[in-house]
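Order of writing sets the labels: A, B, C, D and E. Residues in every chain begin at 1.
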Amino acid sequence: MIVDNAIYRKGIRVPMDCAPSDLRAVRERLMGDDDFIWIGLFEPDADELQEVADAFGLHPLAVEDALVAHQRPKLEVYEDSLFLVLKSLWYVDATDAVETGEINMFIGPDFIVTVRHGSGSELHTARLQLELKESVLTHGVSAVVYAVCDTVVDGYLDVARELEIDVDEVEVSVFSPARTNDSTRIYLLKRELAEVRRAVLPLREPMRRFVGGAVPGISPDASPFFRDVLDHLERSAETIDSLDNLLSTAFDAHLARMQVQQNEDMRKISAGVALVVVPTLIAGVYGMNFEHMPELGWALGYPFSLLLMVVASWALYRYFKRIGWM
Amino acid sequence: MIVDNAIYRKGIRVPMDCAPSDLRAVRERLMGDDDFIWIGLFEPDADELQEVADAFGLHPLAVEDALVAHQRPKLEVYEDSLFLVLKSLWYVDATDAVETGEINMFIGPDFIVTVRHGSGSELHTARLQLELKESVLTHGVSAVVYAVCDTVVDGYLDVARELEIDVDEVEVSVFSPARTNDSTRIYLLKRELAEVRRAVLPLREPMRRFVGGAVPGISPDASPFFRDVLDHLERSAETIDSLDNLLSTAFDAHLARMQVQQNEDMRKISAGVALVVVPTLIAGVYGMNFEHMPELGWALGYPFSLLLMVVASWALYRYFKRIGWM
Amino acid sequence: MIVDNAIYRKGIRVPMDCAPSDLRAVRERLMGDDDFIWIGLFEPDADELQEVADAFGLHPLAVEDALVAHQRPKLEVYEDSLFLVLKSLWYVDATDAVETGEINMFIGPDFIVTVRHGSGSELHTARLQLELKESVLTHGVSAVVYAVCDTVVDGYLDVARELEIDVDEVEVSVFSPARTNDSTRIYLLKRELAEVRRAVLPLREPMRRFVGGAVPGISPDASPFFRDVLDHLERSAETIDSLDNLLSTAFDAHLARMQVQQNEDMRKISAGVALVVVPTLIAGVYGMNFEHMPELGWALGYPFSLLLMVVASWALYRYFKRIGWM
Amino acid sequence: MIVDNAIYRKGIRVPMDCAPSDLRAVRERLMGDDDFIWIGLFEPDADELQEVADAFGLHPLAVEDALVAHQRPKLEVYEDSLFLVLKSLWYVDATDAVETGEINMFIGPDFIVTVRHGSGSELHTARLQLELKESVLTHGVSAVVYAVCDTVVDGYLDVARELEIDVDEVEVSVFSPARTNDSTRIYLLKRELAEVRRAVLPLREPMRRFVGGAVPGISPDASPFFRDVLDHLERSAETIDSLDNLLSTAFDAHLARMQVQQNEDMRKISAGVALVVVPTLIAGVYGMNFEHMPELGWALGYPFSLLLMVVASWALYRYFKRIGWM
Amino acid sequence: MIVDNAIYRKGIRVPMDCAPSDLRAVRERLMGDDDFIWIGLFEPDADELQEVADAFGLHPLAVEDALVAHQRPKLEVYEDSLFLVLKSLWYVDATDAVETGEINMFIGPDFIVTVRHGSGSELHTARLQLELKESVLTHGVSAVVYAVCDTVVDGYLDVARELEIDVDEVEVSVFSPARTNDSTRIYLLKRELAEVRRAVLPLREPMRRFVGGAVPGISPDASPFFRDVLDHLERSAETIDSLDNLLSTAFDAHLARMQVQQNEDMRKISAGVALVVVPTLIAGVYGMNFEHMPELGWALGYPFSLLLMVVASWALYRYFKRIGWM
């Protein structure tokens, strides 16, 4: 599905309402150096994508990749165009989960084709913001590539921040006196982190190449901007690694705490048992059948024995309280 | 055993029904630049392989390697030919296990010799598909090398997908309330992953060299295609690593869950014991032999004592229910 | 907020009381090669910083970074200036915690702009010390950059020393016979170490580039001095790594100790139970209703039975003492 | 002790029965390019080795190393000779242990001196096999170096195979229902693996240099042969790493299994206790001294009470069987 | 404190009894290429060191480092001199601990200044041995640098050997049936290993540079000798790593053994409890008050009941013995 397309001439959007089959003709009419077409596709079917691919002469391997999604982030340099794959990430509050989309970009001297998969990876806002900055758009396709990368990577930082909050919650839970089932939570968070890592780490290589300024079709003047994106990427990566390590340590602490709780339970139970077996012993003693047991004949023998039981249990209780077993 | 052999002339298969001893003569008759012979062998014995080796002048060390299997994936560049070893993997549903085969390829300017070991590593389908693409086959041996690598590496992705399903099952099992013996399952999966890793990781180096375009005998024009194979390899490797980490985390969670279960069992047992020892104490008290115990003379003394026992147990039961011990 | 600014002419401080809007004029009057302006800002608002940025032509991306803090340590080389980000660390005794500030430096041929965030990262002392060394200041901005880096990195060593003390305390606690909740402490310390690591490690790259002497605007003569800073950085990093490993080992030892304690508790409890159930058995025996039990008729039967209980318990007690269960 | 020495002239062994002191003279008589002397020493004393060293002008540092053994595998290039140290490994079935020997080689243009330490590192077979291949021996000292390296590294593969069998046994033991002391076995195997790793890993560097063909005195024509040795080395290293990881995972599974067993024991014990305390409670009830307890007067009261106990225990037993506690 | 100083002229020691203030004059009188002064200082105060520094023109940063100790091992190349820092290690039998000293060397074309910290890092023996080898000393300062490095690194090997013995002891202790507190021992040993590692690892870089032969002031002819030192360093490093891994595995085995012991204790305790509760049940049965209990009237009823208890306990005991619980 084509969601948006336009020509950008000297930084100004010119609407382009033509069928994909006319793209080739439109392209030939483009004159200025920095004029370019930006086609935005959302989960296109094979035919739609093929028409666009024919118009711009996209490489079949790249087109195949763009169609099925589930690629790794990567940059491929073809003779007359670039193919850039990014994973977009967003945090869904309702499920505390990170979801993943994919953005494929075909970048030529006079065109950008963006192919999105997944509902969360919208580029409309980025396009609108860019269209407000005429002077930026006059830099041509490099400006669009930067804007898309910047949007996506800012999304990583957002996700990292949300995950930091989740890890803080786990931490509070682990060290709270309540009995909590933190291991499930930790496991799920580690899974999310692994997913984020798979989006973030492979993207560093393409960004480094943009910073290096040696990618054909990407202006070396954009280098400081891609350096900024790369810096945000590195920050995301460091945050992710740091959270992962924290979670491992938190899991260990959780294990230790469970061990402590089992220890405490065991001692509490033992103390409780003692409170019962000691009176039972006393009862057993006065249940013996000796002919000569003076207490048995006492008028207050029975209350005395009960008192003995209570005193013994109470003394034990005080003792266990003191040594912290109860 | 020779399973298939043919000459490919201008991309079209020409049957070649000759004894291995005539290979040399056949080879000399090959004229066109992109004409080549493709011999397919399956677990050949030493003599069979030697006859082929003599016809094409294969290096003795490589021939020895191809005979015994159990090699690492590798690419060896000899003066007039290449020797490429790949591990083929396939998933056997019946046993939930990954099995391993081996494909050895001798690649010369005008010939390909494939030596397969293991029933699952068939190349017949790849050959048929290739024979349908005349234009591809005119690119000569590079096209065959790509087709074989592509087939093998697609098999890796299939295996990785199956293992992802297995890991998902383990995950569900670990976090289910049932008492499951997940550690055995996790161990076996980690073993499978290690086996896959041994097939996948060493193959990256040869693919990188093909992508680099500096391997004699492999056309630099095939570079984007091998880059695609390399990309799939990287994806397999990342999936494997990610699954391995998930399994380690799942194992930790499994340990933690067992600890929790032991804790719960211990508390449940203790509560159960309490339900018995408290009435026993009461029975002990009324078994004492004091002369003056008013309850003993009561007409309803006995039912009263039984009621006392039941009430005590029931109160304890309610208490333990409330604090979650039962 | 501008906290301090001055011109340094031939190594001597010249007060400069002008509004930020006059900076450009002041700058144009600077003549000598090593004369430079040093502006010190503390958590400036956007307008304040923008005025300074306009005067010195600072790059907008760097200005944006300096405004919001939470950057990674890094060095960015722009056409006519450098942008250096450092994290400052200090240890707060009251909370046993490491706190983090940030210092951003814009370095031009004739100016230094320092932007500080966080109360602990003060540079006033460093400036005063530097102003005492006229000969050093004649080396221009490189001397200031060195002085700031040196101050910050010395802070890292201080923090590392404090953390070493904390780790020593944890160690004593882990191996003390007391039951201590070391896992929380270890977790918190590992968190602090992770924070320090995030400040220390990324700074090595900029320092290496200064040592290499190929950063425009930083004098190669300063190379031995930055090598000294780098050496301190490496020492901090090694200390941090070493402490982290020690804490992991200490945590393992803590787990083992808890296991030992549980073992000991279990044996102690079991021994205690034995001291009660054996007399209970004796009482049970003499509570049997056989007609012919000679002991029951003895005049001293009762004291004898009590003695038997005491002796049995005492013998058990001695036995458990001997085998170390009590 | 000199165990074997000979001149190889045009690939044919020429006996050389001379005292070490005559070596220099013998050496001078060597004429042909590929003629060389091969001296085999076994645990020589300092004097023996020194005589040989004098004859061939060996470097004192290398001679010292060769005398005391316990070197790391390494290659040292001196002006006029090479010094190569290899660790030989062999598996002793009787003790299930890996033993280590050492082979030091001095390699000159017209001589090879091999110094062996440890009974298992014999080279006699390798020499005999080599002497059967006249054409190989005409390649001079490179052929001997290859033959020795090949023999030693084949030994690594043998050891790796034996260790694989041991690991398989451990695996079976860990997952068998029997209570086994696998941690000791795993520890010892990990120790063996560490020993093998110390022999295998450092040897890769020298082999890579031989493959690269830039070591003076080693013919570049031998490169494919050393590549074969290197490949075997890599395979040994991968096997070792893989086994080590498997053992770690097996150890974790062993821990988990012990935890499971403790859980099962605890539940079994608790069930057993219940089978005794419930009848005890019943006995306690009928041991009460109430005047009005109808059952006490029944003619079949006693058998009834016993039956009650049996039925209660049997019901509990069935219950525990059903929930898997017994 | 100056502990020793002398001029070495053509390899022969010439006493030099002069105040530090005369050093400059003495130095000017040195004529021959390989003549040099060797000043040995032990924990000098700032003034002492400054005097020497002035005489030889040592760099202030290096002088500061040499004064305070606690440096990392490193090599710094200044314009006219080198500054080398080594950590010396020695093993103190009395405390089973590794102690650390520090040796700082200033190396110029015609002088060596060694500054030692810590009592165990003595160089006197190395100097005496060197003075016996006139031919070596004629090689000038390189010979001294080598001799010092060799002495220090041999110390590392000694320490590594002692630690190997300690690890062997821990291993024996872990696998002995006795209950041992190995976790403390393992922790302390890991601490020692970390300390050794901090001395050993950073020294490899300087040694590699000496081997490379490109350090000004160090003769390339000394390269084989420094290669020998480097080789010993690598051996120490490998031993340390290997011991560290062994200790980690031993710790795991220790944990597993504790788990086994707890299991055994629990079963032993349970069996012991059974031996008491079963007779208690029998006593309870004969303590019931039924009117018609034939055994109660038997003449031998009492001994029979006691026998029943003993037989029941003895049967249980035999059973528990057989299943290994006692």
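Here is the rule we use: contacts are C-beta pairs under 8 Å (C-beta built on N, C-alpha and C of every residue); 3 or more make two chains touch, one makes a residue touch a chain.
The structure displayed is predicted, hence computed values, not measured ones.
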{"item": "Contacts common to chain B and chain E (chain labels)", "value": "D"}
{"item": "Separation of chain C from chain B in steps, with touching chains one step apart", "value": "2"}
{"item": "Whole-Å separation of chain centres (CA-atom averages), chain C against chain D", "value": "43"}
{"item": "Rounded Å distance, chain D centre to chain E centre (Cα mean)", "value": "26"}
{"item": "Multi-chain contact residues (two or more partners), chain D", "value": "255, 259, 262, 266, 273, 277, 280, 284, 287-289, 293"}
{"item": "Graph class of chain-chain contacts, one of line, ring, star, complete, other", "value": "ring"}
{"item": "Chains listed in ring sequence, where chain D comes first and chain E follows it", "value": "D, E, C, A, B"}
{"item": "Footprint of chain E on chain C - complex, ascending", "value": "171, 175, 224-225, 227-228, 231, 234-235, 238, 242, 245-246, 249-250, 252-253, 255-257, 259-260, 262-263, 266-267, 270, 273-274, 277-278, 280-281, 284-285, 287-293"}
{"item": "In the complex, chain C residues that touch chain A", "value": "59, 61, 65, 71-72, 74, 76, 78, 181, 183-184, 186-187, 190-191, 194, 198, 202, 251, 254-255, 258-259, 261-262, 265-266, 269, 272-273, 276-277, 279-280, 283-284, 286-289, 293, 295-302, 305-306, 309"}
